[in-house]
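The data blocks that follow each hold one structure.
First chain A sits with chain B, and in the next complex the same chain sits with chain C.
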Partner chain A sequence: MSAPALRAARVEPRRQVVRAGSAFTPLGRRRRRLFWPFLLPALVTYLGFFIAPAAASMWISFHRWDGVGEMSPRGLDNYRTLLGDSAFLGAFVNTMIILVLVGASTFAMSFALTMVLRDMRGRRFVRAVLFFPYIVAPVVLSVLWGFLFRSPEGLFSAAWNALTGSPGPNWLGEHLFAVILVGLIWVNTGFYTTIIMAGVDRIPPDLYEDCALAGATAWQRFRHVTLPLSWEVVATAAVLWTISSLKIFEFIYAFGGTTNDMPTLEVWNSALFVYGSTFGGRVPQYQFGYASASAVVTLAAMTVLVVLLRRLMRREAVQF
Partner chain B sequence: MVAERVPVQTARSPLAGGPRRGRDRRRGEHGPLRRLGTVLVWLLAAFNIVVLLWMFLAALRDHTAIFRSPWGLDTFGQFGNFVKAWTDSNFGQAALNTVLLVVGASVVVVLLSAPASYVLAKSRSRMSGAMAVFFAMGIGIPVQVIIIPLFVMMQEVHLVNTLTGLFVLYVALSVPFTVFLLSGFFGSLPEELEEAAAIDGAGAIRTFVQIVLPLARNGLLTALILNLIGLWNETFIALVFIQDSAKQTLSLSLLGFLQTQQYSGADYGTLFAGVCILVLPMLALYLWLGRRIIEGMTVGAVK
Partner chain C sequence: MVRYGSRTRRLSAALLAGALTLSLTGCGSSGGRDENVVTYWSMWKENEPQAQVLHQTAAAFERDTGTKVDIQWQGRDVLKKIVPALRGGEVPDLVDQDQNLMRATLVSSGAYRDLTGLYNSPVSDGRKVSDVIAPRYADAVKNDGKPFLAPYEVIGYGLWFDASQLPEVAAKPPRTWREFVELLAHRKAAGRAPLALDADIGQYNNLWTTGLLQGALGAEQVNQLAADHSGEAWRRHPGVRPVLEEIATLVRDGYFVPGYNGSKWPAIQEKWAQGEADFLLMGSWAPSETGAKARPGFQYHFAPLPTPGDQRYVPVESIGFAIPARAQHAGNAERFIAYVLRDEHLGKIATVAKNLTPNPELPAPPELTSLAEAAEQLHVARSEDGIQADYPGYTEEVLWPVNNQFLKGQLDIEGFFQQLKEKQANYWKKKG
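Showing the complex of A and B:
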């Protein structure tokens, strides 16, 4: 469940208007006494299953370890090896391609859909239909998507054949990564359309009427009204996408076809790399130290990207 | 709240049929570009529906027929596919495992997160603000980053390859998201009732159980449903932690089924029957509570 965006920074200000001295009312006092007893169970779980393992990953990444024997320190060697490992570099590049290319296409699609859906009949229905893939197991989506591109009986291959008269390339064999990229756009568009639509719906309609009176073109309307006024939502959605794109695993993995076989190296992303160099494949590698290093690199890259994104997309909020 | 909003009716604005319409047709609400867009949008929606329908139809057809004419309807009515998937491929056991695991974990994670979310949303100390941010950070940690230490940890306590272990992980790994979601809901509850309860002498725990929780039941239910969906579809953790086929969840069975197909010959009818077993409960839930699901999943980003 990755949906609600990391609006963390905004959780706090949204909280109730602080009443003067509320901490000293009977209610406030009681709540203060409750604070730790209520918080601790969740906090301990969180520390034990997120924070400690994240720290442990860092620690393990400086060692060679198969998970059973002794850890032997390797210093930065794991990281050095990563930089020369074409499998890792390929997986990292794929992760970035997914992040940028699928992200940009999904957002462009979502804006286009929003523009059309904004005052279309049956918008709720269409939105609900487009949203649905987002709550279906990625494994299932992967099986279905794969079947569409099977040659020659898949829908897509059949359509290609009908249009061009030739059987077309072997999509799953030669263009698997492209097939995966388009599939990811398909899965995610409905979700981001819903978010962006919610942002666009808040724009007062009279602004569009003003546009009409001023004779603005559709592009001008989009550029000077829709985009700036939904910017905050778009920025949040972009951070959300950055985070969730790194978590993509099953949709790609199921193209390998079984519980044991990894898909070809060309389509690995960094999540598959971690799995492939530890538990995955017919002969699991159990390279815990090395895989941890790759995970740390990915997490670091993501942190940098999120910070950069927030920087780049920070604008003066438009009041309306 | 996303879907509550009244659609913006710009179609009624002076744009439609205004005198300038002819000069710049692209701008017009019923211009050709718009009409093209509308057609494309419907095509996209139709695509989703067709894929879904095709999946159900294929699940009821014979394997050879699916390949002979993927878009035909012959041999329709092979309900045996479902029986075969359910018994031969272990989907029955997996379905039971999944239901118990997913329902149990969703309930427990909501119970565990609700008190924490409540104090995070309602107490106004700097500490609680920092804690809320700290919890939200967890949403940004991809599970592949922590999976190795988690595996070692679970191995230490002999919970690898057990459903109990998977249950513990499902609960624990859903905490940040649930806390994040719920503190939003608790934060939007009015103060007055709690104050009244406090003045009437109700203790803090009693106020929480009898006043706050019932008031927040909408949020609790949304959190429950979103966790149900997320865990129902979860594959990665199960893949790493479960090896016995008797302990598989549905998504693992589906992967396992793909594998047996490679050895004992493909049977796409049964495969799609298995796919349906995974999708149908989600579809039913979506038809029933779709708006709540959509709102819940997007609420963090928009409001």
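Showing the complex of A and C:
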């Protein structure tokens, strides 16, 4: 990799002059007066719809509550029980598997596709096709996947049979969670490919020409140009994924469950556990205190992960 | 810009004032309510046959009594929508659902109206409500001796088959487990798949396990096993293992149709309706749910599930009306229920909605006559031995996940006991 290909990071010098918008100018005063009217609607909405329910969940998590009668305080008992509850721990582990395994695979796939698509003709069209699974309702997709993977007559099982001559694994009966993971990778790859491609598209082509002249391999191009120059985008996408992976619900629900039933316990993630402890199932449990505690634990774990991820992925921004 | 700012403030003040005024008038209008009304949140959707029957009955009720039934077709999640309202919002005067859900929602929170008065009130021709609802159904919907539900439809569970293909079975259904297993072996030897099962549905798998255990141990015994906080009771009870061995034999010997354990509902029940398997263990919705896919000439017939034990039950569950304790027009709601239970209206649950009614005097639809007879002759038990109603979440978190693996042949009996013990102890520790 030739040195000139990378330009030194440039930190913008701070301006010392009084800016036009500073508080002391007439424009600044007017801006200040408009500060609250502009901020207030968003602030009120955010407080009312995000912070208040989160705080309420926190409060409820210290109680036993069926949603109808009075709440009775339980102190930290809900949390103590959670840590020994195999149903919750299983769901939590599944959430982590989705976060790490599906996340890593999705990003690897997205980068691979980005590399392929960069030089491809008709890539806008291909990108749109890749994005397609993301906009189709997860319920529809999971029904489709159910048809693909059922054995022995599902399309996938039939293809397996035709190729290998053996009936193959019982996908839905014995490997349901694995199939769900593959499904989630497939659904999300298009979305993250689009985001990463947007970052990669901004990289000036002359850098790649430089690479070609220097005789860099595809891996070197990726390692020394693509990745560092799209790092900001990747870091943001990673945080996006972490947060959205926590909320995955309908794909698993529709794939593993039916109109009446939750999916089987082995494929629950934290979101399904919260639903199963409150409104889910044939006869709901209505354990709002306990479910809130599980949601708080998951939220706390995710917050820690996002902070760690941000720290881990923090790099000096490369200007180009 | 400044002017815009003050205008924005004025605008938002006006909006706020408007919103306040609206909410105040909203409160005002709910104060003066019409007394000749019943608010009914229904578990049905408007296009379902039961909804049509109830809608027509409501219209007739209004014509006859002047009391309007204000129906909202909420669908199956109706009780989930009521829970928040029970805490302080406006509750409907009348709701309906199956007895399990009603017990877990209105009854467990003490928010139901005792319907003893309704059961003593007249329906028509000098008969009371307690005369038209058979005691075997009415007895199952009481809490501390107080009825909480007025059933208008009954679901029964058992074996369904095509009488045109198995006329000799329809004429003389197997009564003992031995007879049943011989029949299955005979059918299998003839190249048939004897049993259909959508094994991705926990309830369907458990109809086998709990159904057979009910016969071997007696009604309400599985319920007792589930109530054991240590989870050891399953292994300790001498009657459980032999039944599990019978089920394991059915699985091992391939009596279930190929693909039953790797499919997605409703694939297998549709195969059954197409004639690719002989028997389907299911509730009395089987004929209506599979009817559209059934091969021409399919004659739905019911037989109670033979069991390895001495007793045979027909597991049943009722769907019916309940009245929240805080209902504002409970009297009107009770009058409407009594009106629905009149023969001319309740009969349509059989003739139009093609379901069984809790009144044995009314004719059952042709597809369900064999079920109606069985329910009359045999004892009834609660479906899945009432564990869904009594221990919410138990089936999803404990019994089904373990039993699913067992019915799919992925778990042996020892594994069944071990996993059940762990999951059950975990469940009760949580509930403790």
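The rule is short, and it goes like this: the second predicted complex is superposed on the first by the 272 of 320 C-alpha atoms of A that agree within 3 Å, B and C clash if a C-alpha of one lies under 4 Å from a C-alpha of the other, contacts with A are read in each partner's own complex, and residues count from 1 in each chain.
Basically, contacts are C-beta pairs under 8 Å (C-beta built on N, C-alpha and C of every residue); 3 or more make two chains touch, one makes a residue touch a chain.
Remember, it's a predicted structure, so these values are computed and weren't measured experimentally.
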Quick check for you: in the superposed arrangement, does A:83 touch first (chain B), second (chain C), both or neither? neither
Please indicate which partner A:290 is in contact with in the superposed arrangement: first for chain B, second for chain C, both, or neither. second
Could you look at A:221 and tell me whether it touches chain B, chain C, both or neither (first, second, both, neither)? first
In the three-chain superposition, say which chain, chain B or chain C, touches more residues of chain A. B
Which partner does A:279 contact after superposing on A: first (chain B), second (chain C), both, neither? both
Contacts for A:262 in the overlay, against chain B (first) and chain C (second): which applies, first, second, both or neither? second
If you stack the two complexes on chain A, which partner ends up touching A:117: first (chain B), second (chain C), both, or neither? first
For A:174, select first, second, both or neither according to whether it touches chain B, chain C, the two together, or no partner. second
Touching partner for A:151 - first (chain B), second (chain C), both, neither: second
Considering only touches as defined above, state whether A:67 meets chain B (first), chain C (second), both or neither. both
Going through chain A, the residues touched by chain B and also by chain C turn out to be 30, 33-34, 37, 67, 147, 153, 258, 260-261, 279
Interfacial residue positions of chain C with respect to chain A in the complex: 1-2, 5, 8-9, 12, 76, 80, 83-84, 86-87, 100-101, 104-105, 108-111, 199-203, 258-259, 261-265, 267, 388-389, 392-393, 395-397, 400-401, 404, 408, 410, 422-423, 426-427, 429-430
Chain C partner, complex, touching residues on chain A are 30, 33-34, 37, 66-69, 81, 84-87, 146-147, 150-153, 157, 170-174, 258, 260-262, 264-266, 276-277, 279-287, 290
